[in-house]
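Before I ask anything, here is the structure I am working with.
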Amino acid sequence: MRILVANANTTEAITGLCAAAARAAASPGTEILPATPRFGPAVISSRAENIVAGHALLELLATHAGQVDAVLLAVSHDTALEAARQIMPCPVVGMTEAACLTACLAGGRFGLVTFGGTETYRERIAQHGLSVRLVGLTGIDATPQDAVRDPEDVARRLQSAIARLATEGADSVVLGGAALAGMAPKLQPHSPVPLLDGIACGVRLLEMLVALGLPKPGLGSFAAPRGREVGGVDPALAALFRGG
Amino acid sequence: MRILVANANTTEAITGLCAAAARAAASPGTEILPATPRFGPAVISSRAENIVAGHALLELLATHAGQVDAVLLAVSHDTALEAARQIMPCPVVGMTEAACLTACLAGGRFGLVTFGGTETYRERIAQHGLSVRLVGLTGIDATPQDAVRDPEDVARRLQSAIARLATEGADSVVLGGAALAGMAPKLQPHSPVPLLDGIACGVRLLEMLVALGLPKPGLGSFAAPRGREVGGVDPALAALFRGG
Amino acid sequence: MRILVANANTTEAITGLCAAAARAAASPGTEILPATPRFGPAVISSRAENIVAGHALLELLATHAGQVDAVLLAVSHDTALEAARQIMPCPVVGMTEAACLTACLAGGRFGLVTFGGTETYRERIAQHGLSVRLVGLTGIDATPQDAVRDPEDVARRLQSAIARLATEGADSVVLGGAALAGMAPKLQPHSPVPLLDGIACGVRLLEMLVALGLPKPGLGSFAAPRGREVGGVDPALAALFRGG
Amino acid sequence: MRILVANANTTEAITGLCAAAARAAASPGTEILPATPRFGPAVISSRAENIVAGHALLELLATHAGQVDAVLLAVSHDTALEAARQIMPCPVVGMTEAACLTACLAGGRFGLVTFGGTETYRERIAQHGLSVRLVGLTGIDATPQDAVRDPEDVARRLQSAIARLATEGADSVVLGGAALAGMAPKLQPHSPVPLLDGIACGVRLLEMLVALGLPKPGLGSFAAPRGREVGGVDPALAALFRGG
Amino acid sequence: MRILVANANTTEAITGLCAAAARAAASPGTEILPATPRFGPAVISSRAENIVAGHALLELLATHAGQVDAVLLAVSHDTALEAARQIMPCPVVGMTEAACLTACLAGGRFGLVTFGGTETYRERIAQHGLSVRLVGLTGIDATPQDAVRDPEDVARRLQSAIARLATEGADSVVLGGAALAGMAPKLQPHSPVPLLDGIACGVRLLEMLVALGLPKPGLGSFAAPRGREVGGVDPALAALFRGG
Amino acid sequence: MRILVANANTTEAITGLCAAAARAAASPGTEILPATPRFGPAVISSRAENIVAGHALLELLATHAGQVDAVLLAVSHDTALEAARQIMPCPVVGMTEAACLTACLAGGRFGLVTFGGTETYRERIAQHGLSVRLVGLTGIDATPQDAVRDPEDVARRLQSAIARLATEGADSVVLGGAALAGMAPKLQPHSPVPLLDGIACGVRLLEMLVALGLPKPGLGSFAAPRGREVGGVDPALAALFRGG
């Protein structure tokens, strides 16, 4: 099984980080293919960057359509997730979506920790329909760069946020943000509740979906496009829109 | 006052239709500037097209940033609305958003009629937080092309859908879809409840917002980007991301 | 255009304050007509006062029916708003309703600050269907009288509440309460997010509604009453109930 | 125990009907005192009438404050319920509120049948926080007058509506509208689920509340008013606002 | 009238405490029959204990079916409430359900205090459909045993929690947990808002339901079972499942 | 990996059906262990049977605790799911839970078809927090026995219900009820949207959870019980409650 691990920003190092986490989580026999978009934001940190990244991501996926068995969006905003699910001929899962759904299997309500702002995560979880299972979101006052400079300090802040969310009722905590990919093993031993890494959850959920072999919807808003004209975009993407 | 009426698909005829409706609705002294994206779908009819259109739209807006007083998104999906609101230095309103908020001032609950599928409208209205004021959505079994070929038949179907929504509790009905822009005057005389045209509502709401002169948020997810690197995009758009 | 700015309590000074704020916000050519009820509470500060004020307000509006183009309810509880909207032949907007809907155009979620208790505002915003866009409500521990006695101290408390709401996710903050009418210009320069004054928003929304010229609903619970007998009330109000 | 059965419209016949239903439902030793407002609508059938009726009702209650042990609002809109609860020194219950809460004890979800429009009932039940337990509302196409003219036909329509709501998931059905007071015994034998009469439920809930002897809240929006000046109203009502 | 006060754990002392509280609350002529299950947890403090207790409780009720007029579940988790309501030929009420519904009659929103964890109460109140009327839940850091050892300290903590909930908007506070049964009289004098004891509320609500004499639903998920084979259970319970 | 497929009713044939479906869905190397409770309902068709079955199921699980790697509840009501998740030392998934969460990965909203009543499924999905992703539930008018007697007729009814749900907006449809286990392959070719079999989804989700190796929550309502005394139950179950 070939899983495309598609970053939505152009920072190769993050793609590499996510691909490593994906490989660590994958079953034997699952091949991880990392991919980075051709254009767009270096790091997605706002609503507008996320829109540009959405296009870049769809283009990236289109160039792999038919060559992979599944796609994991290695971007914590689940950028363009529904569009990718519509347009690709294989299962597509977002890393935050994956972590949140897995959290639903690990207890009752969950929390989320990330770097910086949380409003867009709150909205995304609402779009996933999971607001009632969300205890709260905590954005720690640090950047991914801080995590490199002073990992101990950042780990302490994360632990503290996790512990508080658990006290407030979270039975598990989602690690939000590709920059946290792979940190679960380090943080878990000191956490009172299970921690969910979106890359690990996503890889395993995709293996499940590929095994189930569900067909695509034949009607409705997730049916594959057919005969749509989209101009000025990458030929592979234009071809997907034309379908057939 | 200069209002940019920005289409998100590349069909100039729709831009023209919306611009005409906007001019008909505007106050004296308001100038309407139509604009059509450089690339993207001919018509947005699905989730994936909407993502590509979002990028095309942001690029289009960026080339007008600082030269207009307000922006009306002349696209019924309110494509990239929140991103546009974040990135532009002036008020931005989406046509369906405008119609739905105006509906809230015209009665209790409202309905929406459109051509074709309704799920993405249902989601958009939920994202606007207005689900509890929505009676229902009706997608009539016709296309914008049918409306040109047999306008009487399409008008009859719309009237029938409007009447049914009114019976189910809608105090007003939103005409969803840029293809319906300007049809309100024709349909209104035969409708039991007020009809809301997103272009007309949007133009007037923008005039209001310009008059109020609200500052942009200085923090949070709608604050303007600063120092963001976004590669491979139009220079005007890249400049907006860099800010300053 | 003539806009009735109708207070719902009997304190003329508040009517005057609101009328001044309305004039400051109105377009050239818009005439502001202040009006104060004949009976009812000096200041509405509770549920029961609000009911009496509702009747007084409807009576007041009835005496102006047909003579004004629009009505702004200059009362932060949006007292009798839906009833006024049903019974009057012109658009009616409540000041808190106006501010909250405008807040929806200025960002994602909003907060509200006011003097004293907040539960009835919470309920009103829920009735407007906007609970999911509300971050929180803060009632500062001060009275409108304090604002006259020590305006600096009250301004400091308001600023502090506004800043906290912004930190919690509010992209804008509604100034709740007629006593805060006109304070936005003073507070805005020190606030991290836009502040919304219900009077200013309401005047401009009414100008929009008048321009749109929407008909009243011909059926449903906002259709004008016809042939209703209501005894022991002001003749102008009784006449509106009889309709025709 | 003395229970005031307070109508909110001025039609004595409805007061009498409700008082009879109340007496039929009351425990031995409970005295029913019927009361009709001095002014207001003959029948409440719209939002605006409901506001005027609210004032009339508070005046009516004020004249009995201290002389009764409990108040049942014999009006299906639960007119001015929260205000009455705030201002009166004894328990106050609305008839539709009573029926809906009792429905919660009789099964999972409930329906409501009434004459005519249902939107205001939908809103009232939402205000009571019970939307998730509501299957649906059916307004049969008949008037209270029809029920007098052709009771068999109206009964048939009600039965049919009740049966359909039961099929859709209602474990019980609320009879909405004072005009249906006392009809439960006639309709019940032919209904697949229990029927709830607001007057009967309300009388018994008030007996419960009087027995429990709960104090009034000492703070918050249901605390009794103190020192409030309300001019131009009945002296008894003004006295309640002054408190003390 | 005979009301079965059925504990769901096997600690007779709690049954006795609840029965005493029930007798204190009951009308003259109401007989309280305490009952304790044959098997199951000594005290229910978790999800799994609650499931076992559900079976034990149904068995206990079955042995009294036809011999009592009503059943009060003297267990704060409202254990197996819906099942008991379905299977018993008489009204059944849960103590927390009873307190929460009564709280709805005492003001707008309510809070809940209990010993220890609150998540399962939050879920139970959501299942009752009353989440929007819930301000918050506070689990004080003490056990029922502490309440025996140092009642003053526990009372102080409870008072403090109650006062805080009132400040946050609770118009009343539910005392959650059978261990708090009967404490309302002691705590009430020092509380700013009314306190609700589930046993007292439940007894009185059952008296109301018995007086109303509602039939059981004849269809739907609360209709009595008929012809169901359930093996390996108490003969009385098996007989109830067979029905007839 | 050993997965216990635990039925919650005592009909061995259903256990066998589910085990077969589980084996068909499992990865190579996954061993399926079927298990049937010692007591309880032959078939769970109501609330009360579900409670008894909950106890029987926990007892059944307890006898396998420590000997299996994961547990699939082969009962469409997700009977005692949260309790099982709390008490067992390994992952536990319910078959309807599994299908609904998988549906979230296959599109936007989903529907559910089953035999007979749907209210308890509606409640279960609400408890899972997924109401906003549910289009509707359809209970076809047939029994599992009908499916054996006239499989063609039942298949036609199911297809018709599935097609209607798809038209109403369902991007996928959950087959609810153990009796439908294994029918997906037969129905899928004629369905416009993917069909979700809870057994297949559950087996694969459990494989994912075992692979992730999440720890149990160390606090909160899903932490394993310790030192709890539960009398009169199977020794294995009593031992789990004592923990340690």
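Letters A, B, C, D, E and F mark the chains as written, and numbering starts fresh at 1 in each.
Note that in this section a contact is a pair of C-beta atoms (placed from the backbone, for glycine too) under 8 Å apart; a residue touches a chain by one contact, two chains touch by 3 or more.
As the structure is a computational prediction, the values presented were derived from the model and not from experiment.
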- [ ] Provide the labels of all chains in contact with chain C and in contact with chain F.
- [x] A, B, D, E
Open item on the list: Please report the smallest number of touch steps linking chain B to chain E.
Closed with: 2
- [ ] Look at both sides of the chain B and chain C contact and report whether the same residue positions are involved, with over half shared, or different ones.
- [x] same
Task: Centre distance in Å when chain C and chain E are each reduced to the mean of their C-alpha atoms - done: 44
Task: Distance between chain centroids, defined by C-alpha means - chain E, chain F (Å) - done: 29
TODO: Return the residues of chain E touching two or more other chains; collapse runs of consecutive numbers into ranges.
DONE: 82, 85, 108, 119, 123, 132, 169, 220-222
- [ ] Report the complete set of touching chain pairs.
- [x] A-B, A-C, A-E, A-F, B-C, B-D, B-F, C-D, C-E, D-E, D-F, E-F
TODO: Would you pull the chain F residues touching chain B in the complex into a rising list?
DONE: 108-109, 132, 169
TODO: State the interface residues of chain A toward chain F in the complex, per the touch definition above.
DONE: 25, 27, 82, 85, 91, 93, 97, 101-102, 104-108, 128-133, 166-167, 169-172, 188, 192-194, 196, 200-201, 204-205, 207-209, 211-212, 214-222
TODO: Would you tell me which residues of chain F are touching chain D in their complex?
DONE: 118-119, 122-123, 126
Task: chain B-facing residues of chain A, complex - done: 10, 38-42, 45-52, 54-56, 58, 80, 82-87, 117, 119-120, 123, 127, 220-222, 225, 228-233, 237, 240-241
